[in-house]
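In the two complexes below, chain A is the common chain; its partner is chain B in one and chain C in the other.
The block that comes next holds the complex of A and B.
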C-alpha cells in the first residue's frame, strides 16, 4: 500500500509576508491538509481563502481561553478559523486545517480545523460556498503580517 | 519463476545469471507508515458502510485507524443527524459517549451511555439542504487492534448548512478488549446519499 499522505509544499518565511499562497494545486488527491506554526506581527485571527475568491465563506468555532468555553460564528469574504486561540507574537500559534474533497466540482468545500496558541484554542468548521475545485489556498492574518520563521506545509491525502 | 539454483542441475550451465540481487523476486516494499486502506464513494442511497476483515488484513501492519468522511443523508427533517459507528457488530449496550459542542450560540457538553454504537455527532447533513452542502468528520481509533485494552474513539465533527451549524469534539468508549475487526457506519436516520465519502486509513 502506498502512503496516505503526499507532501506537496513546505515554506519557511525568510521575510514578513501579508499572506501565503499555495498555488497550482493539482486535483489528484482526496483531501488537503495545511499545517502551520506562525509568528505574527500582532495578535490577530487567521483566515483562509480558496482560489483567491472573495465570495462567501461561513464558519463556526468552539473556542476556549482562560477557563471559558464559547462559540463564535463568522461569514464574509474569507473563512475565519480562529476565535480565541489567536495568532500571537510568540510563535505559539499552531494549526491543522483539513479541507475535504477539495477537487470536487459538485460539493461546497468544507473545512475542519484545530488551532491553538498561548492565547487559547479553537475547533472550527467552515464552508466555502462554492463548488469549484480548489487550485490555490491563501492564508492571511486579519491584521499585520506573518513573521520570519513561520512555517507552512501543504499535504495531499491520496485516493485508495 | 525461474529457479536461481535448480536442484536438478547437473552442470554449471544450468544456473540462471541475475544482475539484480533480487534474483527474480519482487522487491520488498515495506508498508507505508500511513496508508489508505479503503474508500467508499457513495453514488446511490446506502443504509450503511462496513469495513470488515481488518484484523487479518491490517492487524499486523497498523496500530491505529482513522476515518475521514463527508456525509449527507436522505432525511428531510433534522438539519443534522449523527453518524453511528458500530465496531465488531457490538450489541452489548455498553458504549458511552462524551462530547463538547457548539451550535453557534453557546458551548456545551454532554454524555450518554448504554449504546451499541459510538456517535459522530451531528455531522450528517440533511438531504433537503442546499446543493453541495455536507457534514464532515475525522475519527481516530487508537490501538484499534489491541487485545488487552478497551478502545476509545476520538472524533471531531462539523457542518454548516443553510444557516444551521454544529461543531463538536467527541469521545466514545467501546468496552471491549477485542481487536477491531469490523467497523460499520450508518446515519441515525435514513440512508447516506450520493456524494458521501468515507475513507479508512491505517497508521503505524
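The block that comes next holds the complex of A and C.
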C-alpha cells in the first residue's frame, strides 16, 4: 500500500497568484488528493472549481473556531471548502482535499476536505453537480492572492 | 481522512514500540529534512486515566496553540488551548484497546508556522468514547528536527508510534501553474 498515492504535480509559488490550476490530469487513477500549505494576502475563504466550470457546486461545513462549533452550507459557482476567515496571512492554512471518482462520466463529483489554520479547523463535504470527468482543478481564494512560498501538491490514488 | 493518510505514499522513518516497562515520553530525533511532510500514526494507551498526550516539536512546550472539535459519545464540544494533544486510551477503558491517531505535518522544514492536522479516536466498550479533530500550531521559525511525545504518567505496553516522511513530486504530464 505504500505506493497507493502517486505524486502528479507540485508547485511552490515564487510570486503571488490569484489562483493555482492543475491541468492535463490523466484519467488513470481512482481518486485525486490535493495537499496545500497556504499563506494568503487576506483573511478569506478557499474555493475549488473543476474543468474551469462556473456551474453548480454545493458544500456542507463543520467548523471549530475558538470555543465554538458551527455547521452551515454553501452553494454557488465554486465549491467553498472553508468558511469565512479560514485562509490566514500567517502561513498556517493547511488542507487535504480528497476528490472521489474524478474520472467517472456517470456520477457527480464528491469532495471531502480537512483544513486547519490559526483561525480554526473545518471538515467539508462538497459536490460538483456535473458528471464530466475532471481534467483540471482550480484553487482560488475568495479575495486576494496566494502568497509566495505557498505550496500545492496533487496526488493520484490507486485502488487496484 | 486518517485512513487516507495511512495509504499515502510515504517512507518509514522510525517505529517505536513501548515495552512492558512503559515510557513517559517517546522521541523521534534527527528527523531528515528531505521530505515534504511528516505523518505520525499512533496507537496509544496509558497506565492512568489521562485521555490525552502531548506533542512537543523540537522538545518545546512554547509557541503551541490548538483548536479542537470533539465528540464524547453524548455531546459535541469545541475548545482552544496552548498545547497539541491527541487522544490516548485511559487505563479504565476496555482492556486491550488503544486510541488511534493520525498527525499530518506539511512543510515541516520551512520557516513558517507549522500546522498539525490531527484526527484521533479512543476505543472503549461504553457510551463514553471520544472522537477528536484538532488543528495544532507551532508558531516557531525553526524546522522540525525532532518530535517528543509525552504523557503525564506512562504509555502502556503495546502502544506504538510510527513516523513517516511524505514525498510529493511529478508524473511528467500533469501541469500546475
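The rule is short, and it goes like this: the second predicted complex is superposed on the first by the 155 of 160 C-alpha atoms of A that agree within 3 Å, B and C clash if a C-alpha of one lies under 4 Å from a C-alpha of the other, contacts with A are read in each partner's own complex, and residues count from 1 in each chain.
The definition used in the following text is that a contact is a pair of C-beta atoms (placed from the backbone, for glycine too) under 8 Å apart; a residue touches a chain by one contact, two chains touch by 3 or more.
Computed from a prediction, not measured in an experiment: that's the story for all the values here.
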Touching A:60, do we find chain B (first), chain C (second), both, or neither? first
Using the superposition on chain A described above, determine whether A:112 touches chain B (first), chain C (second), both, or neither. both
Chain A residues touched by each partner, larger count belonging to chain B or chain C: C
Quick one: is A:98 in contact with chain B, with chain C, with both, or with neither? Answer first, second, both or neither. both
Now for A:131: first (chain B), second (chain C), both, or neither, which partner does it touch? first
If we overlay the two complexes on their shared chain A, which of chain B and chain C does A:49 touch? Say first, second, both or neither. neither
Which partner does A:80 contact after superposing on A: first (chain B), second (chain C), both, neither? neither
Is A:30 contacted by the first partner chain B, the second partner chain C, both or neither? first
I'd like to check the shared interface: which positions of chain A are touched by both chain B and chain C across the two complexes? 1-5, 62, 64, 69, 98, 112, 114, 123, 157
Taking the touch rule as given, give the residues of chain A at its contact with chain B in the complex, in rising order. 1-5, 30-31, 58-64, 69-71, 73, 98, 100-101, 106-108, 110-112, 114, 123-127, 131, 157-160
Contact set on chain B toward chain A in their complex: 31-39, 68, 70, 100-107, 131-138, 156-161, 165-169, 195, 197, 199, 201-202
Going by the contact rule at the top, pick out the chain A residues touching chain C in the complex. 1-11, 20-26, 33, 35-37, 39, 62, 64-69, 90-94, 96, 98, 112, 114, 116-118, 120-121, 123, 149, 151-157
Which positions of chain C touch chain A when the two form their complex? 1, 4-10, 36-37, 65, 67-69, 76-80, 104, 106-107, 110, 112-113, 115-117, 119, 133-137, 167-171, 173-177
